[in-house]
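Below are two complexes that have chain A in common, paired first with chain B and then with chain C.
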Partner chain A sequence: MPPLDKRIKKFLKNSIRIAPKISDKGELAELRTGLVSQYPQTRKDAIKKTIQQMTVGKDVSTLFPDVLKNMATNDIEQKKLVYLYVMNYAETHPELCILAVNTFVTDAQDPNPLIRCMAIRTMSMIRVEKILEYIEIPLRRTLQDDNPYVRKTAVICVAKLFQLNKELCIELGVLEDLKSSLDDENPMVVANATASLAEINDMDPSIVDLKSLIQLHVKQFLAVLNECTEWARITILGALSEYSARDGLEAQDIIDRVTAHLQHVNPAVVLATIKVVIKNLPQTDFNPNSLIMKKLSSALVSLMSSPPEMQYVALKNIRIILEKYPEILSKELRIFYIKFNDPLYVKLEKIDILIRLVDKGNLKQCSLLLTELKEYSMEFEPEFVSRAIQGLSQLGIKFSGEKFLQKVLDILIELIDRDQNSIKDDCCIAMCNILRHLPENTDMASQICSILNAWESPDEYLRTDVAKCNYVWLLGQYPENFPSLKAKVNIFLELFNQEESLTQTSILITVVRLHSKLPGSTLQSVLEKATKETTELDVRDMAIMYWRCLSMDDSEELVEELCKIIPPHLETTIDQFSPDLLEKLLLELGTISSIYFKPQANRRTRDVSYENVVKGKEINELQDLAKNELASKANEEVLLDFGDDDEEDEDELDGDNLTSVRTNKKYSALDDLDDLFNFGTTTGKPKSFKDDIGISQGINELNLRPSVDSNSRSQSNTQELLDLF
Partner chain B sequence: MGSYFSSMFDRLWGVNKELRILILGLDGAGKTTILYRLQIGEVVTTKPTIGFNVETLTYKNLKLNVWDLGGQTSIRPYWRCYYADTAAVIFVVDSTDKDRMATASKELHLMLQEEELQDAALLVFANKQDQPGALSASEVSRELNLVELKDRSWSIVASSAIKGEGITEGLDWLIEVIKEEQL
Partner chain C sequence: MASAIYFCDIKGRPLLSRKYRDDIPLTAIDKFASLLADLEEESSVIPPCLTYNNTQYLFIQHSDIYLVAITNLLRTNIAEVFAFLYKIIDVLGDYLKTVEEESIRDNYVIIYELLDELMDYGIPQITETKMLKQYITQKSFKLVKAAKKKQNAARPPSALTDSVSWRSEGIKYKKNEAFLDIVESINMLMTQKGQILRSEILGVVKIKSRLSGMPDLKLGINDKGIFSKQLTEDDTNNNATSKKQNKIELEDLKFHQCVRLSKFETEKIITFIPPDGDFELMNYRLSTSIKPLIWCDMNVQVHSNSRIEIHCRAKAQIKKKSTATNVEILIPVPEDADTPNFKYSHGSIKWVPEKSAILWKIRSFPGGKEYSMAAELCLPSTSSKSEEVQNKKPVQVKFQIPYFTTSGIQVRYLKINEPKLQYKSYPWVRYITQSGDDYTIRLI
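Let's turn to the complex of A and B:
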């Protein structure tokens, strides 16, 4: 019998504490006492408060063991809250998670399907190795559950398990269960099983043969398509788009079955449907005026009345579709006209679409668009105005009539006269492009040159590299139209070292072309600057090349020949996908690939998720990963097109810029890997490609080859790195 | 608001108050079987408990919150998470497992040293008496050094969870002690 005072104290402690006591130990201690209270209601309140704290971002992870104690309860609300907590903090207490295993396993056999589903979902969500050892029984049981709600959750869990532990997942054989779920009678289960298999296929294409599975189950897919929720529909439509129909009849059938979904409210469903239709269209005998084209067109139009973010996605996808079926929206030009309240990113895309869409045989339409673009170029947003001016020249070159181009030019001149320095860059580029399209039109050339010649100090008006480069090109192209040629060249020559590579190259070429018109010292000085003072390798290589040419016996003829080459006419400034890329993109409509115009295979998203899993991997596994990475890089490099023509084509230049940026990225990636595997061991590999001496040696070896690209260099580095392993 | 008042009344009258009882012991001693013997009165087939089972049962007008914690070596360190506010500990011993008596004894004494368990009563089940070669209650008591325990109400009962022998007797004793000491 304990002493009386102790008993009284205990009585007081247990009975009189009605309102939650504000203790001086702080909130966490208070919550903890609540969580282990002897009264069920108090415990539940405490859990609620804990979750509340969690959702506002406070760290309540220290309560983990105490919250866990409340997991085994019949109160479904409480169970859900505890599961929520466990999901959030399991990673901070991986060792304690083992205490939850028994509850998970018991809950997975609960009579209530909600609880069964919750248990398996949470269990597979916890990224803790130890828990996975015990997942087999509950997972297998829920995969065979009577209740479709549980089954549809369990099939997703297989993919989660696969991501966390591939070997275990294969060993347990749950993939077989997953495959058989494709035959399930419930549409949701079929959709989720498809999604799950697709995920697994993304993570490791060698495990399941998704293609043949899809081939086998097309009938099921088509049957469940109308019965499931919108998200499930997207998944199933995605799977259908991977299916290649056996003949035209089947393709037509698939198209007929899915067309109803073109009118769905969810843009993602619409895009997925469009994807399926486009995939099957080539196999059917359709003509541009057929009903299906009209339906596609109206579906795309309906996307344009969605919120701006959706519109953006739609526009990006329309851009892809237009390249395959240019006539699809030809009657709908108006809906792409810009509204004053469109966000900038939508405006920019709309201009692009407008120019692609306009029918170049239709003067009226083109003129209308021209006036529209003129309006746009007088707006206030710099990017928008810049894009509109670019659009003006694109439209002009697309329509290609001299009269029309003159109109475009008049607009450009008008714009320049408005005396806004910010648009001079774009106008200069646009005018140069027009001249590249019509090189023989001397009227236009003199008109343009006289405007540009009037600029006292062009280096002040022009800011971007591309614009300066264009200006300098123009000096070289029409020297007779520039009365103050020497002064202009000198301005640029003085600033040579401050310019970027494009302008430097352009200056170099122009001076060489004009060497007979300029004093000899100019040529000397530009060659010296280009070989000694610049950090741009391409410029240096080119200068060395010219120098060699000039030092040869028949230098005059050689240089003459080099400079006389007439570049081909600029036919279009609207960029196009390569046919290969276009086909790939058409299969990935409505995905993120369609926004970046980069097919899944070229993206690196999967590597990122690998990094998450990478934590406990062995070093040789990491090396394998790295090897694959490097191999894929090497492939990519072969694909890269290092155009070695000079600054003639603006788009080409953009392309070049892009590739060089990508090359830089590659350097850094290689660099990282290099760092990763050096580990301070004795074989500290010198990073030759970072080494200036190495580079100049390389150039010496490569000697007279024009435009030595970084291509060959980086490839050899890749090889070196590969050899390292 | 309603729940607030009801919980206030619960407290005043001690109605919904639950007593926390832990069932501990080495793995394979029969803890889960005992728990479900108490709860549903039947023998259930069990798997090694990875984590815990908890059941609420009403016994002689008392609400008991009975926790059965897994006995694997890997889980034993986490027993301490459950010690707070515990009214009693039921320690289950496999009477046929003579080799691990020393381990059981060590775990038991280690546990009883915990500050949070100073007021808890101790009931030891010398389980698996239905098996041949099982040690008797007094032999188990000697192996576990139970006599050394001071300042604590303890008792050892020979039991067989499979046959249902000794379980209620043990619990009856435990409830009496708890009522006397703690209520």
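Let's turn to the complex of A and C:
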């Protein structure tokens, strides 16, 4: 403690400001005066104000030279501010940064490691080739710096440089330095070097052989794992999950070495560890009861007490893992029960997991879940209720006992009785799915049909295409259970043109199936509407085909065949990944692709934007250029845009997008053709149920049912169809 | 692997940003607000990751701001990004006290500085506040001082990149103390009839260390005893099943990064060099079945179109010598109910119309006691049909019980050993049980 009088003096000195203040208006002229003021405090204030203006999006690039004058200072905070300013304009006005190059080079040799870092970090971000040329010596030096803090920054700069100028980066040979950094004694340097190499590999896989580098360093990775920061651990675990163990023993060893991290407090570390374990698991001899499975299970459970965003990631990943190891969480059902304050997106994922998780051989567990789902289906958030109702039928079909399904049905009926229109869609779909699972159960069919028959105007209750389509299918499937069949069909027929494709298809098929029970005019009218008025291609083609079948002389038998066809037995309504997709997803746990269930088939190399680098001019010229720019801008006081770079950027992007869209379109068109063609030859299968059972399955079935009915005709049909195109 | 971090206001408009890479257009963030608005219009399901034009927006919400990370790489480790975003909030919380729009605007300089240090080229770097505070200081450096003691000017502490990256050397206290708090939060979901649908104990061991030098600590808890002890006290019936679970429960421990995980893995000993000041040493979770500590016997009668009657009997089912404090029972009532009328024996009751609930507060609730209340609210004579569906919120209960842990966890010893200084030290231990964020009773 200094004596009191000194303290008072100090206080006064600090609080009474002789230096002129900068107002909050942030006028450029005022800022400029402030920046060159004789009072250090004012200068600093002015820099702060300048940065504030920059933060709110104002263009303060004209102040560049004045700000730069303040760079040579011993005050670290001020230096940081100037660097911040420079870095920001490195993005939009790279030319201006050339003015600062000398300071960078000096600062890169500063005794303070913080300043060395700042200099090198900023330099490697500026997209001016001439500056990049100056980077060689500082970068080399900092890569070998005594201070690990500087080294860990320098290794990342290599990746930055690589992105800006690949050739230069290779020419300078810093990649070799980077590789040898993997052997650094400091864990953080190792981790950053790994991350940096991964980035480089991502931009251009042909430059460094990441796989073999990881291979060579597995031992180091495992050794440093216990000693580094949480983020470094994630990076290193990430690298380990890219490595394929040579044999079962090594895989087991890796698993043993990483499992301790399943208990790390950072959920991302836990997930990264899980990924490593899962990658190595198949090579070891494990069984579902082994300790490692229990550890995995409890690690996954622990992720459920993390923040909701993390839970979301965890739930999506659990979904993937469950498909590979279905037993893994079998005892932990209750963990996934919904908490009333969970965000909606978590709730929906939880229901999905609950239904996958429940053991279909365990009546008690299934009944418990059933009551839980019933509870959910009486909540008030519509999306949640809808998912819960879907869940009810999924659970019922999974358990698959008639008694149990009856219970499910009772709940659905209770829900419908609550007289809420918003849930009728989901209830209707759920009931149809149950019936498709138990087609033989006539009691249930009549029970369901009597409820649905009681709806006077189903078209008002039902809103979605799928629900309407299901309803209409039911009319065709159990016509004898609908006393007011004709009225119902007519309601839908009247609105035919307003319906979407699934419902249109379903109406068409149903009317054809019921043509003997309905007045002839109905059939006539549907065929006309479907051939002339609809805009749906599929529907029109189907209608034309039906029409031809019906108008043939000996059509009775053929039509009979057509009508008999029922959709395939519904085994499950829970969708599964294809084995190929599953394996790919398992390798990408924890990534964004794992959230969308879309693995990156081929890792697209990123376009490195060299074009942005200002090239081919002498440094003097550039400096003149920069000064001219500034001068002209200062004169006009107009916020000029250095638009070139940006525009180029966007053009490029647009180009990319366009081509991808085009190819997509092409593909989808082809798909459409395929679909149509398949339809033409098979006729019997209602398309409407495709969405329920997964498209691939659907198409298989289509192909499996060669058109018995119209074998003789199919050729001509096909010909007709082909003519159509 | 984020390309940029943005702080956005409640509408999704950017307040402050830091770009780490130039592989996304500057304008990418402008789309965020409209994406958010579009989604909100469509439905109430708003996942924390949005895609537009190959750009991924990963975001979390904190008070009135969004924290958004933007990337265009699908291989980005999304778990890491979310963990990092939460870490930013933590770090800023330590620097700014509250993290909200206002404080973000006021402190742009320090935030820029921090963002620079927390992440480099999209790779998270140093997030340990205690270390950051040594070289990123909020008060600006006095010019004169900096010039004089040039050598002392902010430098990254050498410990930053060492294996003990969370503690620097040379910390000194006159009195060496370590305070240990064991806090157990109980989450429980019950039906009105008293059936327990789900229960779990979330425990945290917090330490406040005021110790000099580089002390090495060893914590002993009644490790194997924890769960078996619980059995003998509560229910011996499902002995077998609980025993089986023991192992799993134990493994649900999570440790602060200072704990030597491999040592715990092999020898089951918790050893660590603590960071200075407050931190969470470990947390654990138990899903053994427990009795409700505060039970509310609810009876709700709705006389539609006229009034609603609520009777509640609350009981503290804890040991006689324990006392629950700050008990709050939040009972939902229909949104359109009004003119409340209360009768109660203890505490205070008020109607909270903005939450559509009545709140019964009891400052002190001794074990074994039973208090009751009755409330009556009027309902409008004309009511919509959907009202019944709306009112599905559960009864929420909040409480604290000091000097008591539900799991029976006990600290056997906390050995503090500083090899160089060899000082005398004082460990203090405190236990508390409280309600978690989901201690609820479902109404039928």
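The working rule: the second predicted complex is superposed on the first by the 545 of 725 C-alpha atoms of A that agree within 3 Å, B and C clash if a C-alpha of one lies under 4 Å from a C-alpha of the other, contacts with A are read in each partner's own complex, and residues count from 1 in each chain.
Just so we're on the same page, a contact is a pair of C-beta atoms (placed from the backbone, for glycine too) under 8 Å apart; a residue touches a chain by one contact, two chains touch by 3 or more.
Every value quoted in this text rests on a predicted model; they were computed, and no experiment measured them.
By the touch criterion stated above, A:M378 is placed in contact with chain C alone, chain B being left untouched.
Residue contacts after overlaying the shared chain place A:N102 against chain B, while chain C stays out of touching range.
Of the two partner chains placed around the shared chain by superposition, chain B is the only one that A:Y134 touches, whereas chain C remains out of contact. Applying the stated contact rule after C-alpha superposition, one finds that A:P40 touches each of chain B and chain C. When both complexes are overlaid on chain A, the residue A:K69 reaches chain B alone and has no touch with chain C.
Of the two partners, chain B and chain C, it is C that touches more residues of chain A. Looking at the shared chain after the overlay, A:L81 reaches chain C, while chain B stays out of its contact range. With both structures placed on the common chain, the touch criterion links A:Q263 to chain C but leaves chain B unconnected. Overlap of the chain B and chain C interfaces on chain A comprises residues 14, 40-41.
By the touch criterion given at the top, residues 3, 6-8, 10-12, 14, 16-20, 47, 49-54, 65, 70, 74-75, 78, 81-82, 84-85, 119, 180-182 of chain B touch chain A in their complex. Residues 14, 40-41, 44, 48, 51-52, 55, 74-77, 80-81, 84, 91-92, 112-114, 117, 121, 125, 127, 147-149, 152-153, 156, 159-160, 163, 186-189, 192, 195-196, 199, 202, 226-231, 234-235, 238, 259-268, 271-272, 294-295, 297-298, 301-302, 305, 307-310, 312-314, 331, 334-335, 337, 339-341, 343-345, 348, 372, 375, 378-381, 383, 418-420, 588, 590-596, 598, 600, 603, 606, 609, 612, 646, 649-650, 653, 657 of chain A are the ones that touch chain C when the two sit in their complex.
Contact residues of chain C toward chain A in the complex are 1, 15-16, 19, 21-23, 25-26, 43-49, 51, 53-54, 56, 58, 60, 71, 73-80, 82-86, 108-109, 112-113, 116, 120-121, 123-128, 135, 140-143, 146-147, 150, 153-156, 158, 160-163, 165, 187, 189, 197-198, 202, 247-248, 251-257, 260-262, 264-265, 280, 282-283, 285, 287, 385-386, 389-390, 392-394, 437-438, 440, 442. Across the complex, chain B is touched by residues 1-2, 10, 14-18, 36, 38-42, 65-66, 68-69, 72, 96, 98-103, 105-106, 134 of chain A.
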